[in-house]
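Sharing a structure here in structure tokens format.
The first chain written gets the first letter, and so on, giving A, B and C; residue counts start at 1 in each chain.
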């Protein structure tokens, strides 16, 4: 069953421009989906619409069998956790502990249960050592880990990352990507990540590429990346292995389409030694 | 920032630090009222002794109190000059030309100086020993009874705690914008009036823009995590009054009662 | 050498419990007419270093030679404006410094502060906007209603309009999409190659360093760990990894090919050259 079903969704910030233009897609429970597209393609808007932070103009959004409307809003919010781009502007508590507690307080979790929940979820993002730290003493990557623990603590079914790594340095990016991958591996959570990171896209189950508020392409990373020309047309990056494959083809060397370097080199090796 | 001592939290380990913020806030209010009782010098002597004892138990230094007091000195000198010219009661102390200084001018100023000193001592005992977050929790709890007359206790507390959380970030942001505009040739120290106005605008506009951006992000983050103002929520930090908190409250109440007796019933 | 550091040290919040030595005994010469990348982990001192280049921060020890000025520790230098005009510093997320009603006015703000007449300032603003690829239709628009990428272009134009001979940029591509990043880097390359500006870029993006920069400075723990030319730097990917720097994808591909028995010459630094090299070897066996 699809946990997210979007049908004919439209949205605009003002009347002059349509930001989301009649899009439909479905996301299966337990999958890892990435949404790509250049800045201004509407991808963050989709995330905010799904989390009920923006109000759609027309169309429908079904989350876990519930129609997203004012009536169901708080039920749906319980099912969706979202981690935003800016690590500073989503840290609400004055310490890590207080920040994770914030969502629990909102969901009326009884106070005696909170410490246990906080500790379990801090452990999932390896922040147990920092529970009493203030945000000013944490790195960007650590702050994002706290944000993840904060939403995990609310036991959502869907986790949305809205460019959660784009303001981090390389080690922070790796840190967060590793945490996301581990969460996906050890739980049945559905993950939706809005990203520019080509390695993260290659790692996902399903890719949706947006362009001017419409879905330009979607499929497995292999399917989407194979359309090198179409990707270029919507100004998206192509994995290095596919660029090489094209360049090699021009030089009369035919190899399969690989989305990782390792795959490409493996095939090259076989033709190198076998022939 | 480094040299502002008034109102700053000093992380130490003392019995006063461990006390319930509600008890501390209430005790402070009681003693503040006591200071305003016309209890005479004996009364002030007793309050001073009590405040000094609290400072010693809280392991704060008297130089810290002195530093907090310093900015007030200018005000006191100013007050003394005014009193010297206006108050012509009491015994004449000395005369220079047509000007005579009377004893009441000196006593009045001293009175105010002592009250001010006592107030600084008492409020510092609270702010230096209470974490900002605990302070807001205390205020929230104390305001709760007033919710019946529509005082939004929780919202006020949330407002204060978010302000406290973001003040350091906004200070950093301000420094960054100052540097960025200095790189564009802005000179905040010299220049003609018009240039000065532009210089200040070049700081204020970006600061507002980024503060609004921050506010929007924060509102989204809070909403996405289920926060809705006015709705029922539980609280992680629970305050609990213990024996020592009752002792503090009892002490403060006794002090006030003593001052009332000294002032009106003796 | 337009800029050289001699034993420069800098301490934040001196005399408080938060005291923190951000630069330690930095000796450094920045070459004229090159694009230099400043890399290193967060907290390694990169931003502190670049803020010394236009005297926003003054050294606590040692001295800095910037063009014809000498700034010694303990000096209280005056008339820094002239220096700041020559060394244009673009802060991280510079879109947050826009404040004027129109794009043109905002870009003209810098030149005006440095004493250009209204007319002259506008002329330079127009040239700068053209350089960053914003056409006339943007002149009268409010900078606050542009897209993120456009705002950043306006902010960079604001520095370019001052016509500095040295351009220093602190993570100019942070938060941009791949296409925006590419366009931005091409602009810096053009400023260097066509207009002869010395460019210094603080960045985490090794792909951009590899493609556009001439020199590499690696900061570590407040000091300069490595200062060398780009090709030398990337010729030892293992050393990069030891410094927590992921080598560019082309270098990683070369490593992988070598590990699998291909012969790959060290001087291959473009995708086409690498494709030639692979094709030759595959065909030889075929």
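The working rule: contacts are C-beta pairs under 8 Å (C-beta built on N, C-alpha and C of every residue); 3 or more make two chains touch, one makes a residue touch a chain.
Bear in mind the structure is a predicted one, so any value in this text is a computation, not a measurement.
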Chain hops separating chain B from chain A, counting only touching neighbours: 1
Chain separated most widely from chain C, comparing mean CA positions: B
Chain pair with more C-beta contacts, B-C versus A-C: A-C
Interchain centroid distance [CA atoms averaged], chain B/chain C, Å: 45
Intercentroid distance (Cα basis), chain C paired with chain A, Å: 30
Chain A residues touching chain C - in the complex, by the definition given at the top: 38-40, 139-140, 166-167, 169-172, 196, 235-237, 240, 243-244, 247-248, 250-253, 261-262, 265-266, 268-269, 271-273, 275
Contact footprint of chain B on chain C as seen in their complex: 13, 16, 51, 54, 56, 81, 84-85, 88-91, 94, 96-99, 109-110, 112-114, 144, 158-159, 162
Residue ranges of chain B in contact with chain A within the complex: 131-133, 161-162, 164-165, 168-169, 213-214, 217-218, 220-228, 231-238
Chain B-facing residues of chain A, complex: 48, 51, 53, 74, 77-78, 80-82, 84, 86, 88-94, 97-98, 101-111, 114, 135-136, 150-151, 154
Chain B residues within the chain C interface of the complex: 2, 173, 176-177, 179-187, 195, 198, 201-202, 204-206, 209-210
